[in-house]
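Submitted below is the structure of interest, expressed as structure tokens.
For clarity, chains are labelled A, B, C, D, E, F, G and H in written order, and residue numbers in each chain start from 1.
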């Protein structure tokens, strides 16, 4: 339905990227992933438990899915860099969702550390997709550092509040017409996703909105449609907004 | 008798062993995991030749659900 | 994709009802209609020109479309009632979109006259779909009068401002759980349609958002998807909203 | 010589005629139109038997694009 | 500070009208009334208890306050009309806040019954101040009926949600430049009051926002200031809104 | 009226700080300054023209006003640091509004350079008041660097769009309960100022909203009142928000 | 023996009395109150001359806090 | 004959002079201004003893309206 999108040389048919956390069961996750039409999913890097009991989480993912490891849980550039290197070794992928968190309560990104880590990781050949605030100037620095895309937040991770600052996304789109902008975190309902795409985002990454919905698979379908709807709405060119009415039917010619 | 830190936990070994054996010893998974010794990643091929020494800090990671 | 919806005994596969005004050409209209997936379109009743030159507008509509005549351009109950009778005679349909306008600048509905006309027309066996403000108490009166559905506005006709008062629609949905609510007028972009559906609307009627888009057919597809997305989002049950973050990846277990 | 109001415009007819003939006279469309005389709808079947009289107010409507 | 406002021939120095309900104590109410600077307060008409125990509520009001009785609790025109007549007899005032409620859950106004009651009461010489939805066409009818002012709601009574539909108030102001518009109900915080005044309201009537504040007298002062601020902001003529920046300091002339 | 506020050891009676740019005339500026009640004004550091013709801008300021020089027009830390040193030499003040801009179109702050400059200037004994995005983590870093307050933007400089992301300010207030937060830039109308104060800002810095108003002095008074109203509203503790109504008058006891 | 409805409650009186006396009888307030008998307001001056009859519906109201 | 950059503009001087004299030479204001030579602020008291040399970059600033 919607046009393709190309990221770091790979063509994706879907502009929806989703997470793998918080699902009530593997079956619920698999059904949601299938319904979403997503072609890439994020996973977290975590210490192997020492009790010997470990099943491979990855076995529960559709093999056709591209896996995007993240550096969630890292609070400084060094931890994020080491986590990225471990992810690359384990998955033989250069792709990394770079996430350096400022504190545990808000999970808001530490832009300064994120930029530092991005510079190092790009230098090591990683394809760095950085999560950061909706900050135009930081976006420029991340792109200058060699990130193939930027991933501004819509709202805090898992908040489901939707796009909190549409002006920032609009400005980012207008000032960086050629950049790939992926809105990451904060989406709660399909209209939130549509709004982000209408503002010109190239794709959206979400987890909680689907995983914590009462019916994750149904919500995944809704998000798939909403991302396509918002994308097409962006391309189709909206009607002008007016405070006042504009008749759809002829004003004259009614009977008297 | 040596002491290491494995995934944040202290562990005692009666002698130095190579990384390959250590993974067995703790029956850790081998599929899609990665290992770091003293903040440096050790490639899988280098496990047999990597000696785990007293005081080493090891991280063995795999993947879990995330967003 | 989305569930069916039943109105006055007719089952519709699509929850999108669209208009036929303001298109740049018949071809553009036909393409948009086809893309929208709509099964019912609104048309206006108008005086035949006396110059003898008249082509039938209706010939340009897909014969499979159900036609919903409206009383646009009527400023009191009497005109609207007469217009409805003429529409019934000409189209042999009992369906009428009842629209009584309060003034020509805002095209805002005259609820008092609308209610009066609704009472008369229902008595004459019409299937009356009334356009009115997002007023819960008026909605109850219109339903009591025998209207099979109510059609509150999202914003002034042709304004494209989107849902101006979400609380009113939410309250209407919660207070009238069994009523059929069709949001009519004011939608501008796909996310507006999704928002209305997420709030619990059963369907949406729009014209300008599609007809005045730069690419009407593309926008029609976007609206089709957005209505489905919003409907599914409503059914799927949204995640809870939080001011603060909720981690998608494990907080513990990151490397140190 | 009679005078009527047709769709808001004054028109002169040299004599009373039935509605059917009037539609012809002004070559108005017959498909999916409706006619009202003095605020009352005249069913299609009744056109031939409906005399158009001096001072009558007629509305002949069809459909156009609307929202 | 702010300009005077004239209503039904009476000049008020304050554009804030407040209620007398829900206070934790008479002292708290008196302190809030004094702090608010209001010159008119609303009171409810209620059955005298038959247990003989009755103190006069009115004795607790500053005698300088103009008293505006309301018809709260009435669900149809007839009850409201009778209540207005009783209020007039008891207080020897022609002033009445006309309130006809549609249901007990939302307390949303029944515009149809309100209009009917307004027509009768104006005919009996009452100064009718009608509470209704933010409906332009209904506003015109109420003014045509002889009401000296209209009182659209900002949000449901006691909801504290603030102005839910700014466009409706802006349109009402622009379309009825000479009408007196008093925003009644729904204000929660000072900025809500300022917004309503900036949109062109002539005055604001509120109760819960002050009475249910943790510190009613302090909130009353805040509301007094906010109403003045909003009024002056409306008169002063706002700067143009821009998506993009406009430098406050010279762009050139910085050191290099 | 409102409580005092203490910044870097100085007690201010007013929580409104205003600019000196964009006024149509010196008289208009002076009248606005007087009306605003502000006790501190910002000025820009600029090259002396070489044509010999220079009058001292500062002579047009009320001598009682504390002068806060800014580093407007600087695009990196080095320029900002040098500008701050020149300002200190010329005015014998350690106070500096630190502003490092990322680009000329949006005037959005370069947080990274701002933080770097803040660290250097604090080390040189400056009282650094940094303008930055509404970024909690950056706020923490600026405070850790020794800034006595942080100055997040409400919206781009001179945009007049008002608080674009209330959640960010609320979170910043809640997470930094002891920090002094001054909202700087983006306010357009009095309600914008009230909103920022209700969210817990300690003060507001604005220029364009007053200077570009049709009546600057009147708007200055409005802003003075709005800042006080918002502050008191914050202290007074707002009523709870409800989607549904809560009666102000008794539900029972109406006549039947 | 007559029966009336006073503010929604049934009340028995051993005989017809005038409104003035009824207000006393129930020791109702007289300051800033108003009385309605069978949906018609009775002016204060007319209380003494207004007979309260069997089946009458009375409303006696005063003012309370409201918004 | 020396050349300097003053507030971004090239200027020729027939010989080295001290900063104090340069301010006079260009009749620049002295009240609430500040001077920087080659990126270093020169305190007012040091103007007389500060020689302006060939190639020096000077910035002389004052204050203007800003936000």
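One rule holds in what follows: a residue touches a chain if its C-beta (ideal position, glycine included) is under 8 Å from a C-beta of that chain, and two chains touch if they have at least 3 such contacts.
Bear in mind the structure is a predicted one, so any value in this text is a computation, not a measurement.
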item	value
Shared chain contacts [chain F and chain H, defined touch]	E
Relative to chain A, chain with the most remote C-alpha centre	G
Mean-CA-position distance for chain H and chain B (Å)	65
Separation of mean Cα positions, chain F and chain E [Å, integer]	32
Interchain centroid distance [CA atoms averaged], chain B/chain F, Å	54
Residues within chain H bordering two or more other chains	8, 36, 59, 61, 64-67
Interface hub residues of chain F, defined as touching at least two other chains	19, 21-22, 44-47, 70, 72, 82-83, 86, 105-106, 108, 156-158, 161, 167, 171, 207-208, 211, 243-244, 247-250, 253, 255-256
Interchain pairs in contact, sorted by label	A-B, A-C, A-D, A-E, A-F, B-C, C-D, C-E, C-F, E-F, E-G, E-H, F-G, F-H
Chain A - residues contacting chain B, complex	19-23, 29, 42-50, 52, 54, 56-58, 67, 69-70, 72, 82-83, 85-91, 157-158, 185, 205-208, 211
Complex contact set, residues of chain D against chain C	6-9, 26-29, 31-36, 39, 41, 43-44, 59-67
Complex contacts: residues of chain F adjacent to chain C	167, 170-171, 243-244
Chain A contact footprint on chain D (complex, rising order)	8, 36, 59, 61, 64-67
Complex interface listing, chain C residues touching chain B	247-250, 253, 255-256
